[in-house]
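Going by the order they are written in, the chains are A, B, C and D; count residues from 1 in each one.
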Amino acid sequence: MNETKTIKIDHLTRVEGHGNIDITIKDGQVQNCQWHVVEAPRFFEAMVRGRKWYETAHITSRICGICSIGHTLTSLKATEKAMGVVVSEQTRNMRKLLLHAENIQSHILHVGYLVLPDLLGAPSVIALSGSHRNEVMVVVRIHQLSNEMSDLIGGRTTHPQRPVVGGFAKWPTPVELKNLRKKLADGLADLDALVELVRANADRLPDFHRETEFIALSHPDEYAFYDGDIASTDGGKWPVEDYTRVSNEYMVPQSTAKFSKHNRDAYMVGALARLNNNYEQLSPKAKSVAGAFNLKPITCNPFMNSIAQIVEIAHNLEDSIGLIDKILFDGFIEEQARVTPKAGKAAASIEVPRGILFHEYEYDEAGVCTFANCVIPTNQNHGNIQKDFEGLVPQIKDWAREEIELTMEMLVRAYDPCISCSTHCIFI
Amino acid sequence: MTNAIAETSPYVPQWAEISRIEQLTNTEKLFELSLLNGRPLGHRPGQFIELSIMGIGEAPISVSSAPSERNTFELAIRKVGNVTSAVQNFKTGQRVGIRGPYGTSFPVEECRGKNILFVAGGIGLVPARSFIHYVLNHRNDYKDIIILFGARNPGERLFLKELEQWANRDDIRYLESVDRPDPNWTGNVGVITTLFPKFQVNPAETYCVVVGPPVMYRFVILEARAKGIPDNRIFVSLERRMKCGLGKCGHCQINDVYVCQDGPVFRYSDITDLKEAL
Amino acid sequence: MNLRIMDKGELKKFVQNLLAHYRVEGVVKNNGAYLYDTIDSPEQLCMDFDCTRYPPKKYFLPPRETLFHFSTSPELEVSPVFESPPQVIFGIHPYDLKAIAILDKVFSKDPPDPHYLKRREASFLIGVDPKRISPHSFWADMGAASVNEGFDLMFTDLEDSYAVEIGSASGETLISTYARTQPATGDEKSKRVTLRTNLYSKSLINGLDFPSYEIPKLLEHSKESPIWRENANKCLSCGACNFVCPTCYCFDVQDEMDLDLKQGTRYRKWDGCLLKDFAKVGSGENFRESRTARYRHRFYRKGLYQLDTLQDFACVGCGRCASACLADIADPVRVFKKLKQEYREGGK
Amino acid sequence: MMSKPRVAFFDFTGCEGCQLQVVNLEADLLGILDHIDIVSFREAMKEHSDNYDIAFVEGSITRRSDESRLKAIRKNTSTLIALGSCAAIGGINCLKNFFELDYVRETVYGEKATSYETYAARPLKAVVPVDYEIPGCPISRNEFIYVLKSLLLGKKPEIPNYPVCVECKLAGNVCAFERGMPCLGPITRAGCGAACIREGGACWGCRGLVDEPNTDSQREILAKYGLDLTDIFRKFRLYNGYSEVAK
């Protein structure tokens, strides 16, 4: 084997944001194997300084269009905590519902639009829409449902306006919630079709295992999205306040983004990390989907992250139905959000589609932001992607160049990296 | 609310087919059309129609041909925006929508037996042409006819063949001028008012018809007055934004008049106190 | 005059019965403001309000209304759209009834506009006399404190009952089919008159300090008044004063193609003469280029230009424009009083 | 009419929310695909071509090295459309322009700061001529379809030149000021359907300013509703940091 294989992908496609893959294999030896993040830095933490308490969530929502709901809610939670604002049960439930909407939206986009073409051997979902119209329509319907759901609860599919510090600026009506409930039930049927389709092609997912630490929020009462403590599959629980000790950000030369490490030299966050930590709390439907793919904790194949996302979609749909029932049963009222700003500092965390997200803010007495820090899931994954590169490339170094290239692209895509967010993080 | 309400909408056009297209200049084309119902349009000189292209919109366009027994009529259209550009791509045999004719017309009857001084600037020749043709078709009904035409440059002169015919006729006087000549231009140079010293009129017997761009009116009217033509024998045709042509949408309103119904042709003495008119 | 009396408790039943047969639109309270909206229970209906933020004109001239559908392929075809949902509009103050009568004039004038007229024909108008007066209202000045026609039914709150005037045959049918009423006594009739008179005088408090018939003359005199420019300097060209006005009806017409690029609709949409490009034409010329010209135009339209067409002012004195204007310059009372003052001073 | 135009999507510094709106068109997107060929859309597809007629470009220009890529796009396309506020007006990225750049860099990246290239954020039109703009943070899906349909029909897409108040009134909203929320609607370009007011908030100004905004009057109104000068500038700068009002 005395040939040189160079794999250089600038601006990897079908991912959010810009990332490059750079691999050189010479005479059967891996010489270089790197994952670069090349997004232009945006400096959000600086940009919110000097801003009012009711503006921070609006601004940090713009960190990322795909996880804008998660950023908004995490930001609101941190601001509320800093100011000692306690939100109602109804607000919490409604926000959980909104978070489910985003999770479905993001996961189905990833699985259906970005990963499915790989599984079916097509270059894009646009090509698929010609060859597999019905399958694509299933994906479109679930995506549409999630969008309608974010429109209804958040006011918009992206950069929601309704959630505000202290609650919601506008509520859906009970009639609207009931209609949504009906559609969610239909969504579960569509999901079965998607599960079938993916299962029939799941053998295309590479069988690659690497011992990994998985970090996610965990909550005693539920499969954690909106609340919980930080948990690790290596064992241990930490309050959210201690997030910097978990995330340990550091800079690497090849990236505008920061990398993270905890117990080992990297860790993974996201759907698979949540499933590995909180499998028992998945909804019955979600568990049965997991069963269909034989997905159990602790699964160390990063390619299975996409499958974990499908499992979570089932959970999101089913749990949303439960939440709507609860909201309506508890007696829905149109609460007004009332907040008196005061000085304080706090961190909050939420599980967003790509994993655990932290926002921390400090405000002065006038409610002006004086400090901010956001630690984004994709950032926390970059180190792990790099480690997977180092683990996987030697195993497949003898394959044809195109095969290696495709597999490495699929690996990065499996993480569903949201690189646009990942470049706005700080730690001083 | 007692009268029966019509089942048809005054916003719905009828169809007309394009039977002939002539490129007038780089930006203007002449379209000959006939209504699908086979009837003549039934317009009077100076009136306009609403030209409709489905999906693009509507635009008010003057009927440029003289009323006639034939069922065809002509529109000359300058490309400025959506509708007027889209129509330029149409071919003969294609159909467009027509509403109207709408609006007031030139004083065909009142001028009978009198002299007429036509003053047309640029595309203003289009509506004036309808009246000019009418007068030329009934030449014996009118006395002295003077036509003044001004264009910004020679390339913007419309209806070249007709202009030449007019220039060669000895029963009318035709004078023209361009603001900016090109090297081949041998005629008069200057704004249209520079033509006024070149002729005499008998003010007691003369009507003046002025159509042109907004800036032109004030100066031409001063000249006409200077020749002694009274305000009540000066007629102008005004352009305004229009959305309905039915006197409702409000866009064409000048003080208390709606250009689409009370105009576009106005007797100057009726609008001297309309501050925004000219 | 046919005046009936309805017990207070009966109102609920009346509305309930109407709801069983019609779409009922009425005044509801929302975000601290009174708005016209669809009602689905009698409890939502508000009978005591000072002034709604928006007039009921949207029921006859919707903010956006389809005029026709068209198709360009395979055949060029057009089919007009007339929507005229039977509807009961419950709770219209006299000045708004007067404004509707003004719109009726505009849209039935030749050539009549069936899109408007059909909606109008399918609507029952139920008026109510105000009990409160918004701080900007001056309807008494504009001859709109009460109306004798232009409604099917007209309610007046007599404290322990409602007086209901029957204004049309369909009003008669509505009330006799869906409610129990008894004829008004002489006392009740005179109580109603007293209430209305009181209201009339109260409305004058915020109004003009001269009779409204002087407005046209004042305007004719005031083309060059400095007030136009001074106020227009603050104008946001937002058109709020146009859109909230019950007698403003200007519109724009646009085409919208469907995604197949073969079919589509032509629709009209509210437009306002205060908006910057309202009088702009394709060649780029704008016939009311300056804020001052646009600002002034509205007042002239209200007080002078429309007189011939409407035989009346195009303003009923609701004061909505004054409340809606953030720059606080749209109030006709303030402007007209100022003109009057200038006129007096100039006259000396 | 014409043969299927070739359409490409590109992005610079932004959150990709606007491209996401295009993906979110769902079934409509499939309808659109009957009329256009998408030849490049990194977020959604692997295929790429440099041969296109219409380029939708998202994001602001925030570093010198972006410029050449944008210029190349401009060269390749006959129609260049700024997609979203970052591209059209600079948008939220311009917030950083009000800090000393070194301060910004150090706040975020500490002593590593110098390895990150950045300069004052700017809209596309500051670098190349732009044919049309679809402002909004994020863009409105309806407006995107409207612009695309207009281009397909050979019509000039008209982005409203009146303020958000117009759409607010057409929607029958209760004014945000009346609800105690200072609003930028009176000077902000409409086209969103007064989205934020409808959802219980006030206008943040994300679509940029109308032509000839009456900013003096707007400033007075904000002051009347209790905002001091710092607050007012905070509002003006949130999305319009690149425009005159921010200065």
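Basically, a contact is a pair of C-beta atoms (placed from the backbone, for glycine too) under 8 Å apart; a residue touches a chain by one contact, two chains touch by 3 or more.
This is a predicted model, so every value here is computed, not measured.
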Per-chain CA centroid nearest to the all-protein CA mean: D
Chain A and chain B, separation of their C-alpha mean positions in angstrom: 66
Whole-Å gap separating chain B and chain C, where each centre is the average of the chain's CA atoms: 39
Inter-centroid spacing, chain C versus chain A (mean Cα positions, whole Å): 51
Chain centre separation (chain B, chain D; CA means) in Å: 43
Residue list for chain C, restricted to those that touch at least two other chains: 257, 261
Chain A, residues touching no fewer than two other chains: none
Junction residues of chain B, two or more chains touched: 55-56, 81
Touching pairs - complete list by chain label: A-D, B-C, B-D, C-D
Touching residues on chain D, where the partner in the complex is chain C: 28, 31-32, 34-35, 145-146, 149, 152-153, 161-163, 165-166, 169-172, 174-175, 177-179, 185-187, 210-212, 214, 216-218, 220-221
Residues on chain D engaged by chain B in the complex (per definition of touch): 153-156
Touching residues on chain B, where the partner in the complex is chain C: 1, 3, 5-13, 15, 54-59, 80-81, 84, 95, 97, 213-214, 239-241, 243-244, 246-251, 253-256, 275-276
Complex contact set, residues of chain C against chain B: 67-68, 70-72, 76, 78, 80, 82, 104, 106-109, 111-115, 117-118, 120-121, 223, 249-255, 257, 261, 264, 266, 268, 271, 273, 278-283, 285, 287-288, 293, 300-301, 304-309
Chain A contact footprint on chain D (complex, rising order): 12-21, 23-24, 26-27, 30, 33, 38, 41-48, 62-63, 66, 92-93, 95-96, 99, 103-105, 107-110, 112, 115-116, 118, 137-138, 195-196, 198-201, 204, 231, 234, 238
